[in-house]
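To keep things simple, chains are lettered A, B, C and D as they appear, and every chain counts its residues starting from 1.
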Amino acid sequence: MIIQKRNKITKVHWLLLLPLLICVSTPLVAAQSGTSANPFDTTLIVPDTAAVAAEPVTDLTVADHRYDHGEKLDLTWVPSADDPPVGGTVVGYRVYRIADGSEPVLVAELPPGTNHHTDEGTSADSSYVYFVTSVTTSAEYESARTEAIVPNVEWLNFDKKYLFLLALIVGGSVVIFIETARRGKKLFVRKIAGLEAVDDAVGRATEMGRPILFIPGILDMDDVQTLAGLTILGRISRVIADYDTRIFMPVSRSLVMTAGRETIKAAYQTAGRPDKYSDDMVTYVTDEQFGYVAAVDGIMVREKPATVFLLGAFFAESLILAETGNYIGAIQIAGTARPAQLPFFIAACDFTLIGEELFAASAYLSNEPKALGSLKGQDVGKAIAMAVIILGVVAVTIGEAWQVGIMNDLTDILRAIFSTM
Amino acid sequence: MANIGIIISLVIIFGGLLALLIRSVKSKEVDRRVIFLFIFVAVAAPILFPVTFSEKASPVVKAIFNKVESLPAGSKVLLSFDFDPAMAPEVQPMANAISRHCLYKGHKVIFMSLWATGQALLTQSLQDFILPGFPEKRNAVDWVNIGYKAGNEGVLNVIITDFRKMFPTDVNTVPLDSIKIFDDIKSCKDLDLVVSIGGGKPGPKEWILFVGDPGNVPIGVGTAAVVAPQLYPYYPAQVVGILGGVKGAAEYEYTLKETHSRFADMDTPGLRMMGPQTLAHVVIMSFIIIGNIIYIAGRRREKKRR
Amino acid sequence: MKRQIPLFITFFVGALLIFSVFIPPMESAGENFTLFFDIIAVFAFFLGGGNLLRVHITKLKRRKQDWPFSIVTIAGFAFMLTVGIFKIGNPGGIAASVTADGSWFQEVFNYVLTPLQSTMYALLAFFVASASYRAFRAKNREATILLIAAFIILLGRTPFGLMVTSWVPESLSVLQIPNLAIWIMNSPNLAGQRAIIIGIGLGVVSMSLRLILGVERTYLGDDSG
Amino acid sequence: MDHLAVWVAAFLTLGIISFLYKDNPWYKLSEAIFVGISAGYWFVTLFWDNIYGKFWVGKGEDPMLWVGAALGVLMLLRLIPKIGWISRWPLAFIVGCTAGLYLINYLSSNMMRQVQGTILPFFSSQFGSGFDATAYTIVGNIVVAVGTFTGLVYFFFSKEHKGAFGGTARVGIFFIMLTFGASFGYTVMSRMSLLIGRVDFLFFDWLGMIK
């Protein structure tokens, strides 16, 4: 690695002498540069006996990049006079950076016709000078150097002001509603069919004397769907502890195993049955997607659980698991936020929590005012989305159909606010 | 032999389905293992005894076919293989079929790729599938492979004004200036048709946005099945036609075989793969119908009992 | 204290990461997390792998049902660990990549794991059929819509889709089954997906806030609410 | 070697497929092999990539790596029951990070971008001149806007699905069901391709070899 770097520097250093050498001995340089200074791709080299000349680029300027922490600088220039759309001698440009007066370093090779570049390798505590060379098939020609510049560090990214605003409104209303609920105001939340069924599903397992199987998806703790699955697990295992039913949870990630154990243990403690809890309720199988599925399928047909929960992030295995669960006659409650897998759960499970309902489930099951309050906050976000869709569609339709300027302005504003950058 | 095999299998499949259909009126559920067996036979039989269904080309496929068909001999067509080995099973068949069609019609064909891994695939499919059928076609005169250049849509931005800037030479480092096809081609605007085959980025969409629209060049696209719906909004204003997945390839192959006797014995991987697909789809649809009959019959019975 | 410290950690890092999006010098915080996470996951595997071994050894010791298969699992696990960590049967020796061509490790991946994976995956072909047989029944209005949409799409992917509707005039070609299938994928399907996706986005916001604010804390071994 | 490999692959392939009939020792054996081998495979790759690759080859230069390692060690304290509760710290850390990261990500990419994409004109002078294309686009855009709006109404939690609101929610659920039916049907083909691949292997690579 280190050796490579050094090589590069010496090569570049040597290249800088090229223009000078050309004056002295043109044929020699042409032959040399053909072998050692390799402009981009080998296919580009057209053997040539004389050095091909080109004008350097002009008006090279460097400016600070907006909203970075000093790691970027923007360069602009006017392309070489020998780089017209057709038939120029320039085959590309090279950008060189000189940091704090040290040796120039090649930072980019660009195709012809380019007039700008963003260097992403700077830091805020150095000063930089740049120059650009026009590369022909046999040599390169240096431009004037820029003024020295020290990159600025910005502390706030104002490009993301609308994102911040929306996060503030949506997040703020969640917090406000949680606070309202904490003060004791009653909040209404409609019934969610799949969640109404949880108690019955657990009760059924108790009656039948069969275990309950809980699958938290196949992703790790760094996915929010797994977290949603685990929070629901917390609520469900409270009920399970009360009913004194067996729960079994094979997992495909070690961290989920640890978190799953903590969750169930806590639920049993709260229910006053810590003696009933055992680490064997949660077991690790394998990280491999289909290896895990093979094992869970085996568990399903052998243990014949009465109730199966599939709550978390699922991929192609969704239907394999759900069909096997259906085959053994288990009541199945599934939920995922992966739209591609929802159809399969809808087809094979008794109840399916569709996307948002998965995240709302633990709040709903807890029946705690605070948690329910957060669902209200979500609805504010939905109301905003709905209002913007109506407003936007009306504005853009009127604006485009009848060329109404003010409506077009409104559309542009809405699109700008909801653009993610 | 193959014919007898497939006839027996078809009789078994459809006879079985009919029997189940009759049984379903009595509202008797089908064991899922029976369904599994049907699926297995429906997939395995056409693989063992290759069977092809007639694939009438849908308008979007027909449109590309007709475009290639109607261009006068000597027209300049560019085919871009914008895919990698992972995508190849789905789009390679259509790439082969279109390439053959273009060569057969006497078009001057330029092959290229926007994907680094596509160049090897392109060179190989030219060698193995496409060129062996056309020994009379000469490199640089009837076709040329200019290979891959890095830069994604940047490549397109350059070749819309000048090929030689991006591709000074073809894959064998022969300068474009000494390649006959390029005598009167300066940029993409001089082409009579561009077909981009791929499914990712850069791919068909980039060709439409960076070459088709600005240069007013007719663009045809071939793509993986999952991507196809996203390209439909561009039809017919911005693209000539769309081949979607193996099915699109099968339709193209079928039309090609029907239209030109030269291709009667052509290898048709698309059609071959559609055999098991079609049968499996038919089996699933039959079972949906059977399931509904069972449900309706069962409900009637319950009513009667009351 | 046992409960307060974890709650504080969650709150602190959660809030920090939210604000880091808007503060350029902190932009790399998210990437750092991925780095942390990968390392923690490896350490956690000692717990997971240990658990796997413990479960199967217990099964073996107590001669529980199907115990002979536990020997196979333990043997397979141990084999992969030794072959992989000590690079046994690797033509390049200990210096080569563990997945070098021709190494035992890679051979087992190619000839044992790959066929197992793809066959398990292929089972979906069967389950797709049995699920559609059972689920696509016109039990109520919603189920009927599900059924019709699925049927049109299925039909559109066979040659019969075009045959059935070939009488439709060219000016109304949108109504031909294959085109109708495409239209369904593009318009109503897109609308449904959008509603679901927007809902998910808001659900995540609310769920994340509950976690960060400590309203949701079951995973921390504290359910006292 | 090749012969043996194909036989092993075929043996395991059939073992898995046999599960479709019912659970049996052949499947159990394939399953046991699958679980043992794959768990080992994952650990070995994780080890070489993350521990060896980052701490040995990369010399652990990034101080952040050591923070990760420290958290990992805390995780292992679970094994000591007395101070096992400390292992909640790395868990709390991971949960906090995940929640913080996803909040903004999902808000921008799921909610904002999708809302923006729905702002489409019902009618515009810019649409294609042909009647067909125009009608197609108009109907398409109306359906997208109406479907998205009613779908959101369905997800609304604060109001019972009754009256006009309930009716709108019903339209929403229709759209969602249509979506599910369509995506289900659309996936069948790719699922069949997987089976075709396996059957191909059995017939040609394995049985073809016997011939």
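The rule we apply is simple: a residue touches a chain if its C-beta (ideal position, glycine included) is under 8 Å from a C-beta of that chain, and two chains touch if they have at least 3 such contacts.
Because the structure is a prediction, the values reported are computed rather than measured.
Among the chains, the centre nearest to the mean of all shown protein C-alpha atoms is found for D. Set against one another, A-D and B-C show the most C-beta pairs in contact at A-D.
Averaging C-alpha coordinates per chain and comparing to chain A, the farthest chain turns out to be B. Chain centres here are Cα means. That of chain A falls 14 Å from that of chain D.
Look at where the CA atoms of chain B average out and do the same for chain D: the two points lie 27 Å apart.
Chain D has its Cα centroid 4 Å from the Cα centroid of chain C.
In chain B, the residues touching two or more other chains are 32, 36, 39-40, 43, 233, 247, 277, 280-281, 284. For chain D, the set of residues that touch two or more other chains comprises 16, 19-20, 28, 30-31, 34-35, 37-39, 41-42, 75, 78, 88, 91, 94-95, 97-99, 102-104, 106-107, 109, 111-112, 115, 118, 140, 145, 148-149, 152, 155, 176-177, 179-181, 183-184, 186-189, 192, 195. In chain A, the positions touching at least two other chains are 163, 167, 170-171, 221-222, 224, 227, 255, 258-259, 262, 285-286, 288, 290-291, 294, 302, 339, 342, 344, 346-347, 354-357, 360, 375, 378, 381-382, 385. Chain B contributes residues 32, 149, 151, 154, 157-158, 161-162, 165-166, 168-169, 173, 175, 186 to its touches with chain A in the complex.
Contacts from chain D toward chain A in the complex involve residues 16, 19, 22-23, 27-28, 30-31, 34-35, 37-39, 41-42, 75, 78, 87-88, 91, 94-95, 97-99, 102-104, 106-109, 111-113, 115-116, 118-126, 145, 148-149, 152-153, 155-161, 176-177, 179-181, 183-184, 187. Considering their complex, residues 125-126, 128-130, 132-134, 136-139, 147, 150-151, 154-155, 157-160, 162-163, 166, 170, 173, 176, 178-179, 182-183, 185-186, 189 of chain C touch chain B. For chain A in complex with chain D, the touching residues are 163, 166-167, 170-171, 187-190, 192, 221-224, 227, 255, 258-259, 262, 285-288, 290-291, 294-295, 297-298, 301-302, 339-340, 342-344, 346-347, 354-357, 360, 375-376, 378-379, 381-382, 385-386, 388-390, 392-393, 395-397, 399-401, 403, 411, 414-415, 418-420. Chain contact summary for the complex, chain B toward chain C: residues 30, 32, 35-36, 38-40, 43, 53-56, 58-59, 228-230, 232-233, 247, 277-278, 280-285, 287-288, 290-292, 295-296.
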